[in-house]
Amino acid sequence: MDIGWSSAEEWFRGEVRDWLEANKPPLPMPSGDSAAGVGAHLEWERRLFDAGWAVVSWPRAYGGRDASLWEWLIFEEEYFRAGLPQRVAQNGLFLLAPSLFEFGTNEQQDRILPRMAAVEDLWCQGWSEPDSGSDLASLKSRAVRDDAAGGWRLTGQKTWTTRGAFCTHLFGLFRSDPTAERHRGLTYLLVDLRQPGVTVRPVRKLDGDEGFAEVFFDDAFVPDTDVLGEVHQGWSVAMATTGSERGLTLRSPGRFNAVVQNLVALYRERPDPELRGEIADAWMAARAYELSTWMTVTRLADGACPGAESSLNKVFWSEMDIRLHETGLRLLGDGAEFEGPWMKGYQFALAGPIYAGTNEIQRNIIAERLLGLPRK
Amino acid sequence: MRFAFSDDQLAFRDAVRDLLAKMAGPDTLRALWDGDRGRDPVVWSHLAEMGVLGLLAPESAGGLGLDEIDLVLILEECGRAALAGPVVEHAAVAVPTLAAAEADSPLRAAAAGDIVVTAASGRAAVPFGAEADLLLIERDGVVQAVEPADLITGDPLTSVDRSRPFAEVNWSKAIPLPGADPALFRARAAAATAAVLCGLAAHLIETTAGYVKERRQFGVPIGSFQAVKHHLADALIALEHARPAVYYAAWSIATGQPTLSRDASFAKAYANEAAGLAARVALQCHGAIGYTYEHDLHLWLKRVWSLRLAWGDTPHHRRQVAAAVLH
Amino acid sequence: MDIGWSSAEEWFRGEVRDWLEANKPPLPMPSGDSAAGVGAHLEWERRLFDAGWAVVSWPRAYGGRDASLWEWLIFEEEYFRAGLPQRVAQNGLFLLAPSLFEFGTNEQQDRILPRMAAVEDLWCQGWSEPDSGSDLASLKSRAVRDDAAGGWRLTGQKTWTTRGAFCTHLFGLFRSDPTAERHRGLTYLLVDLRQPGVTVRPVRKLDGDEGFAEVFFDDAFVPDTDVLGEVHQGWSVAMATTGSERGLTLRSPGRFNAVVQNLVALYRERPDPELRGEIADAWMAARAYELSTWMTVTRLADGACPGAESSLNKVFWSEMDIRLHETGLRLLGDGAEFEGPWMKGYQFALAGPIYAGTNEIQRNIIAERLLGLPRK
Amino acid sequence: MRFAFSDDQLAFRDAVRDLLAKMAGPDTLRALWDGDRGRDPVVWSHLAEMGVLGLLAPESAGGLGLDEIDLVLILEECGRAALAGPVVEHAAVAVPTLAAAEADSPLRAAAAGDIVVTAASGRAAVPFGAEADLLLIERDGVVQAVEPADLITGDPLTSVDRSRPFAEVNWSKAIPLPGADPALFRARAAAATAAVLCGLAAHLIETTAGYVKERRQFGVPIGSFQAVKHHLADALIALEHARPAVYYAAWSIATGQPTLSRDASFAKAYANEAAGLAARVALQCHGAIGYTYEHDLHLWLKRVWSLRLAWGDTPHHRRQVAAAVLH
């Protein structure tokens, strides 16, 4: 056990902090989930890329810095401490990119990753369908072989596609073998949304922003070069990705530390002795999440794979996020209902126990895979 | 001893439920969301006709001369329908306050629905202020009347529930209303809002139960999963233990019990938590489908979030109860 | 709606209060679940009977006062307010007696009820078996027809039989038709435990008292006169009884009001501003339970039958009871672990979510019967 | 940056686990429950031989010269086995306190296991007081030494955990121990007790998971019911987020961080709640079978109830954390 940052890591932190302080856009930014706001985010994230901060843990060839996972944590910590918003590119960066690094061909990596990092392409996730939410393996959107054209023809519908209305590309699962059932016979495809066979309909989220979309496929085309992994083996490729979403990468401890930092500031503005204990709870929860992440990163650095343990984290952070925002709302008292960052953040937090596998599904996974309880 | 409603009271409730089902559906509510008003005049005039707005006014002032026990079930229906408009403020707070203050002329007008009255306590932000003809505001232990001309113009505060438009008051021209008991004013409002919250919770539980019976995943209705069952059971347990508190508070106010402030605080605290839990459970059991603006669910959720804060949040009312119990 | 007590009811309350004040035994009494303590309880409960207070809501012929349910509530309120303990006779009074009133013959009622009220016979419940807890319908103890003797021969085992070690009689379900399955083919039998074919082994509860027993039947005999209801129809008779256990009768609001009264007194001794809110919570919970009971009693007085609504009450009171005791323990601070009424009461409260149908089963019932969710 | 244990540390933990599994099973514990002692001398001498008791003492005093990071996993094992005896007080608190106070002679004796030392803070009730050779007690910001002869005789206090006998101290003859930092004294104890609580929680979760796989109702193992799965999942989530706090507190004390008091309070608060939840879930999932004195479950439950209060309950440590965060 050797807790603490090396001088190289501290130097890295200083570099991140200084650059962000000098370059960050006026805050708060407009919502990145709204048509009106997304442009400012794209611009900001391109500036991050230009300075080499978009994807610090990626190879330099793709715009990264070959940073360690620890340095990535430091970057995230500083990024959110500076009050900066979550990235509109995040679903590509955190969900697709790990699968591309693991399953992609060199050609795919070279072609896709730099444009993703530069936010030239913006990727959305195409898992859910109207009848396939928690039960992802029941999905029905089809990919039909087109040998003549050398690719696949897509029909069907994806839904709850985060920021789909603003994206250029979608990664998703499609049923390529109509005779196979459940998680067999699915293929992981990379789809260009800018083609005639694709219709994207923006859908407003709970908070009114156009952060969701329905994506309709009517004879859309995906060339063979945009199949990720083996044909019909999409499930195992996707599971690597959902592992990332549930666990470490999507929700860095820095996000919650920043919320706690804001809570403490709010408490100082509006001290309420009855809520002191909730401030302690907030700090402890975010700290527990951070320390638990440090243990996970140590294991990953030792070569372990993230497993069902990520379900423990996912339930914890998603319920913590709601509690942190509830404390913020309580501190605001009867003014909490008016538009502001805490009510906005609360609504965002309420999605946590639903997406990336509902918390009910996560608890099943914990009980079955970590404690060995019987599935049926 | 009898803790139940009369057939007449239940029949009046059913009539209001039918009216609101017909006249005040989600489309009416969405139209208000898209505008800057918080009240549909057609629905409002029907309520006036049925006597709901003047229910607590004496018959001599054109009211029904009924009491808070008659009103509580109707307020629950207003919650069930997520009815927009200052029904609590007008019918449950302002009318009896004007009656107590012997303000005959505005009382008659309010009972008939010819004027709209709103009410607030302790804060400058007043719901429906901009569309009211009269505002009654409790501040520093005094109930005061404010004319619409005395509102602060400019950027209005925007509630998460966009069907509850707020206005800000300029206190300088407020006129004290003699004869209005400020504690009773607050208790009336808290208890009435608690009734609305129970109705909101009931709607959320019922519609979610309906949804999970239909929605299928893994080849079965998701309502067959024990986790979903237990979420909804917990919400129903909370609601069915908040309702008696709300009904008792109505009785306590109607009969002028010395404990009416405590009883109203208890009702509001329990209704707040029951509705808050129902909102959480409803969203979680709907999943992503409920997390959209297109689905009607959010109209009810946001009303809950707004009304949980109106007339005292849970920490406030918990403190009131603690003070009464530990006096 | 007409809330408040009539002058007759107030007079009744005064009579109860005065008599209890003048006649109550030294408090606290030793545990009625212990071999050492049960004697004092039997003596006290006989004194209650002699004065006509044992079973106020029963007919005068059986030792009662023909009191209304409201008067029964008043009696309970005063009984617990006086600091008196739960009754060792309660399982007979509250679980068997309602079934006897509904399903018993006149001969059975005349023979059994007066002795039960007088605590000459002490009844325990024989539902659970080692392999049949929540799943009561799986029970295996058998009743075999003995035509020659005019009755039934019992073999098998009952367990977690509350106060079984001190009881003279057991009421329970036995499988009388070996070819029938689940809840069919069961008969409700009234068993004299004082016979050679019965062995009772005391089992200590969580708190160390001998409050449980295992009851073994080896060719024990029950005459036909001690069959309650129809042969093979025991399930429906028993369900009426478990309805009572879950709902109103076993847990009168007076019990919890008394706990809150003790909490308020403890708070005054050891005030802790941080715990003021918990005192409010305790008062509100007990009050909600009381008001909800008043609504139920009004419905019953109007002729309604207690239904699945009783599951709402059961979950509520059992979880409230734990919270009330947790608040008491928190008020005691680091002295809470030492022997005393709050730790004893906490351990007792922990049984609440388990017995009389676990709270998991109750929540299933609520969802399925009150909200119409599908069983499978 | 590395937040994990070394192979040596894990191997030491495994050795202690094996020892306790062999020597300190429920029968040994039940024997203590039935008597008036809180420590089995045979198990205790094995711990001394393995070096556990003097782990924190410098090698020059006959100890192992290891640190709190080495000790924390061993304390977790003591919790897993519900080991009776003042391991926290002796090995985690007294030994390093005596070392800091340069009390060489008792330090050597304690490190070797020749004397038994117990410890307490702020209260007159001292666990294992009657069977200790020396008592270290923090009171009013001073660590003081008390001889067993200075205990109050008479009716001892009876803990719900009968394997934790308490004695009462007569303060008049206490002697201040110079060189002992009272804040560090308390932090050591809180963090070490937190480790024991994590071990208790781990045992409760594991044995309950084992039980619900075997116990069948309705024709299936009860562990296949979603309600049971989710109870156990919640307990595991709490435990796996308490453990990092406990390990960090050990590191913080071992390396003398300025935040060590805050870190220890955080660890104790989280371990208290994780163990409390595990106890509730374990009992509920065992049902009536677990609600008996014959079943071993209650031995673990009552240890949890006792240790949740030892060295500061959750409200206390929450206040400490709030003070540190809002300083």
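When the chains are written out, they are named A, B, C and D in that same order, and each has its own residue count from 1.
Just so we're on the same page, a contact is a pair of C-beta atoms (placed from the backbone, for glycine too) under 8 Å apart; a residue touches a chain by one contact, two chains touch by 3 or more.
As the structure is a computational prediction, the values presented were derived from the model and not from experiment.
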Revision key, fill the gap. When contact pairs are matched by residue number, over half of those of A-D recur among C-D, A-B or B-C in B-C
Point to revise | Which of A-B and B-C has more C-beta contact pairs | key: B-C
Check your understanding: How many angstrom between the C-alpha centroids of subunit D and subunit B?
Key -> 52
Point to revise | Centre-of-Cα separation between subunit D and subunit C, whole angstrom | key: 39
Study note, to complete from the structure: So subunit D residues touching two or more other chains come to 225-228, 230, 315, 319
Study note, to complete from the structure: Multi-partner residues in subunit A (2 or more other chains touched) are 274, 277, 360, 363
**Study point:** Residue numbers on subunit D that touch subunit B, as the complex places them
**Key:** 225-227, 230
**Study point:** subunit D-touching residues of subunit C, taken from the complex the two chains share
**Key:** 128, 131-135, 138, 159-160, 203-208, 212, 274-275, 330, 333-339, 343, 347, 350-351, 353-355, 358-360, 363
**Study point:** Touching residues on subunit B, where the partner in the complex is subunit A
**Key:** 123, 125, 157-161, 166, 216-219, 222, 225, 227-228, 280, 283-284, 287-289, 291-294, 298, 301, 305-306, 309-310, 312-313, 315, 319
**Study point:** Residue ranges of subunit A in contact with subunit D within the complex
**Key:** 1-6, 9, 70, 264, 267-268, 276-277, 279-281, 283-285, 287-289, 291-292, 294-295, 297-299, 301-302, 309, 312, 315-316, 360, 362-364, 366-368, 370-376
Practice item. Would you tell me which residues of subunit D are touching subunit A in their complex? Key: 1-6, 69, 205, 209, 212-213, 220-221, 223-224, 226, 228-230, 232-234, 236-237, 240-242, 244-245, 247-248, 251, 255, 266, 269-270, 315, 318-319, 321-322, 325-326
